[in-house]
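Scrolling down, you'll hit the structures one after another.
Two complexes follow with chain A in common, the first pairing it with chain B and the second with chain C.
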Partner chain A sequence: MIVRLRQLAAASSRDLLVLLAVVAALALVPLGVSTFTLSVATAALIFALAGIGWNVLSGFAGQFSFGHAAYFGLGAYTVAVTFTRYSISPWLGLVLGGLVAATFGLLTGWISFRFGLKGAYFALATFALAELLRLTFNNFDFVGASIGITIPLAGGDSWGSLQFEDTPALRYFVALGLVALGTLIVIAVTKSRLGSRMLAVREDEDAAASLGINPLRAKLFAIAISGFITALAGGYYAMFLMFVDSDLAFGPSISVLILLRPIIGGVGTIWGPVLGAGILSVLGEVTRSLVRDPPSFLNAIEGVNGLDQVLFGLILVVVIIRAPDGVIGWFRRFRSRSIT
Partner chain B sequence: MSAILSVKGVTKRFGGLTALHEVSLDLTEGEILGIIGPNGAGKTTLFNLIAGAIPSDEGSVTFDGERIDRLAPHAIAGRGLVRTFQIVRPFGGLTVFENVMVGAFLRRSDPQVAEAHARSILERVGLAPLADRQSKGLTLAARKRLELARTLATDPKVLLLDEVLAGLTPTEGIEMVELIRSIRDDGVSLLIIEHVMAAIMALSDRIAVIHHGELLTVGLPTRIAKDPRVVEAYLGKEFQIAPD
Partner chain C sequence: MRGQSGKAAWAVLAVVAAVAVPQTGWWDTNHTVFAQAVISGLLIGGVYSLVAMGLSLVFGVLDIINFAHGALMTVAIYASYLLFMNYGVDPYVSLLITVPLMFIIGVGIQRVAINPVMDAPVHNQLLLTLGIAIIIQNLALVLFTGTPRSIELAYARNEFDLGVITLDFPLRVFGAVVSLPKLIAFVVALLLAGLLYLLIQRTQLGAAIRASAQEPEGAELVGIDVHRIYTITFGIGAACVGAAGALVLPFLFVSPTAGDTFTIIAFVVVVLGGMGSIPGALIGGLVIGLTQELTQLFVPGSKFLGVFVVFLAVLFFRPEGILGRVRR
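Coming up: the complex of A and B.
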């Protein structure tokens, strides 16, 4: 194990340095912003983490998921249920949620991949599964049915129950720590044999199999890791909102929010999800403040609901047309063009 | 020398079409066995059957003392029988180096050990200068080399090469023939489908001729070239081997 870690550190020292630098820079955010902005930044990190998870299955292993809310929601409900019903610490709840989601991913992935679902069909299956969970949880009394679960306040700052009422910066730092953990897992995967296998399966399954790779196995590893990471995000989101219901956990819009980040930042890149989350949350806040208090020539948009969503949609269209490999891909192409 | 790969009585039907009919072939250890035949004769079907890409209807395939005809393609490759594709299939989104790493990882889990192996393979096939290039932008000759490099990186015992010479210029072809010879010299047994007659005649220890899904004959290249049935079916009357 130690030897493995050392090999990993040697193989990815540059990525680890970047990780350190990014975490250090993001750690400075709480110094200069309002409590409100800080909670926006915390939510951005949570969805960045969910996107990091999505990126493992859909970016690196090439199996496009349109239903990552399934993992996000399983994480959220596991934390909420174990905490409120069994007084289990949310820390343990996060891990349990990750395991529940990974198991769910393995079971549903095994069925989907075994029967050869690919591309749009696999995406539709993931969408259907998330909807299935949403409807089930919406009608299941044990998890609060349509009322959802409200997480009781522990009072003040409490590391044990993962609540930081008095110090929002701590709430932010935990999110940052989880993002660092997720990124670390992704770096480890991409540098390993498993990562190479996932890329090969993404590029060409038959050619991968001809080189001794079991495509089903590679995809199952990907879906389990992916589900685990996204469930961490969902679990922490429940603690962040102190509430969960089936729409917040499993809603289709959650799946879209999750996949937008890596798509805008760069699918199949280590930093795409985090970059995409940063871009989208800044844009989201700008439009929201525009709608709240527009300059005089834009008075018509004052108080228009959902305009930020419309703008997200427009940006997505532009990104898909102009930079199908995201901002990072666009930047790489720009750089290689200016060299030659 | 014993047979490392043994095909016995394999038959494959696609609907009413019998693509292969009771074909039997032995590949001896360390041998280069060429497979020739007109288009549509069933050569690539035979490769697909051996590599596990499609199941046979009848017959057996034995590799290294083990029946492999019901194994999945990855399991067969894992045992050391690796194929290339007639239409090259590099992992387009990956670099040349990353492509070869996929093969190198088959028998090595440590990334650094795999990397050293991949670099040495790239060196050997002459792709080292292109290591960091995106593989989809390569020339056909380089893509064919890459496909071969990727399979070599898996340390195969038997290689199935499907028309690796097709589409190459004469100079590139000569280099490829040299490379194939050096692979054999390392102890790899090769089954080669090829249309470039001069090359396959010069390269192969024995040649099998497939026609209409049946094995017409197997033998030394010199004998094959004179066999009236082969001349009739495939080579044409005027064909003569170029002197060495």
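Coming up: the complex of A and C.
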């Protein structure tokens, strides 16, 4: 076991160094920004983490999910319900949420993969499952039905109940810690035999099967790990907002928010989700402030509702046509071209 | 395969009946509500069929998950609304404008945005169409704000003397209310669906579309310009929502997200009916309309619950749809 871990650490020493550098750099963010910007950054990290989870199933194992809000929401609701109803610490709630989501992933994944769903059909099934959860939770009194669950304030900073009213920087650091943890899991997975099996299944399921790999098992591992990580993000999101309802947890737009980051950054890369989250939040802030306070020659657009979203959509379309492999893929192509 | 698709259709009917066939006491007190659910379901189902046919064509021929389908419908709804408000054009007359308009917009979108990603992975195609949907929704928000609007047809509550019979709208059938705009939407949607079926089955263009769907390389070899067919097909798909948008205007609130629910409903119908199958989309639309209204009857406030249950059941047990061909 220890030997395996050492081998793993040796094989991924470069990734681990990068992780250390990235975390160190991101840890400096709270020093120079306003409280508002810091909460934007915290939200960005939470969705980066959700994207890291998505990337395991859809990027590394190649099963495109359009309903990761299902895991995100299960995480969020588990934390909110266990904390408000049973006074269970959100730390434990996060783990429980991860396990609930992983179990949900295993069950639905088993059915989906057994019935041979792939490509667009798998994507539509994941979408339908998330919608089913949304509608169920919206009608289920135990979880607050359409009113949702408001998480009561613990008062001040409290590590035990994971609330940092007075020190937003701590809230940010916990998010950063979770992102580091998610990335660590992904590095371990990609460098392990399991990760190679996932990649083999993604590239050619039949060929992988002929080599003695069990594709069903590889995909189920992927969906469980993926669901677990995304649920961590959802659980912490509930503590971040101090509120959860069925739209915030399971809404289709949440699924889109989750998958957008890794796709912009680079599908199936370790750093894609974090990079994508960074790019999108900077972009979002720039377009938002442009519309809020435009330069004089663009005065007409001041405060026009929806214009930032139009810009955002346009950028999305252009990125997908021009850089179909995300920013990391685009960079790699650029580099290999300049060498030759 | 016939026998099996027959069986599947009966199974769906049996499920609907099992939910619907009530105990006698229930029937006595609720038959009006039930009749209303069935009639409302069928009427809106006709519109679903039309919207889904457009999506089914695009899905079946271009193999693209078009998440902008409902957003295109929003464009048509606003076009029809503006024609009505500014020039007093009757929504049903505005069909003559919205259908070709949406065809042209569809052709433009396919040329500019869809064509470059024809060979891209599924997630990129999906995100691209999603990006288009975001642009359309928010452009509508910028241009018309989020305030919901609606129109009222002057003749929606008239009496119509047809010689043989006088129809007094809103009609009452088995105690259920049938409004004129919904009835017209249903009838016109079915007529257009029939026309589309003839176009696909009986014309040379239709043959070329079917050939491009089944065997793109073979089609290319016999001289069909497959990329042109892709463009035309996307245009036809958009034209379908062009018609649907004008048809629903009299009974729908106009808002930037008005067409959105139709996107996912249409996907459910397409999967249910079988990808690329026009008759499948027709039956699927009616079944989903019924499912939606019957769920509403039993679980008030969550009409889509039943829709998604049916959807998942079909995905798992018969992903080729009730009338689809098995492709593996």
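As a convention for this text, the second predicted complex is superposed on the first by the 337 of 340 C-alpha atoms of A that agree within 3 Å, B and C clash if a C-alpha of one lies under 4 Å from a C-alpha of the other, contacts with A are read in each partner's own complex, and residues count from 1 in each chain.
In this section, a contact is a pair of C-beta atoms (placed from the backbone, for glycine too) under 8 Å apart; a residue touches a chain by one contact, two chains touch by 3 or more.
Bear in mind that the values here come from a model prediction, so they are computed numbers and not experimental data.
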First, second, both or neither for A:A207, with chain B first and chain C second: first
Residue contacts on chain A - larger count, chain B or chain C: C
Partner chain in contact with A:S289 - chain B first, chain C second, else both or neither: neither
Touched partner set for A:F64, first chain B, second chain C, both or neither: second
Partner chain in contact with A:L199 - chain B first, chain C second, else both or neither: first
Touching partner for A:T35 - first (chain B), second (chain C), both, neither: neither
Partner chain(s) touched by A:I321 [first = chain B, second = chain C, both, neither]: second
In the complex, chain C residues that touch chain A: 65, 113, 116-117, 120-124, 126-128, 130-135, 137-142, 145-146, 256, 264, 267-268, 271, 299, 301-302, 304-305, 308-309, 311-312, 315-317, 319, 328
Chain B residues touching chain A - in the complex, by the definition given at the top: 51, 53, 72-75, 77-78, 82-85, 89-94, 98, 101-103, 105-106, 108-112, 114, 150-151, 154
For the chain A and chain C complex, residues of the former touching the latter: 58, 64, 66, 111-112, 115-117, 119-121, 123-125, 127-129, 131-132, 135-136, 138-139, 252, 256, 259-260, 263, 267, 304-307, 309-310, 312-314, 316-317, 320-321, 324
Chain A - residues contacting chain B, complex: 7-8, 10-11, 191-193, 196-197, 199-200, 202-204, 206-215
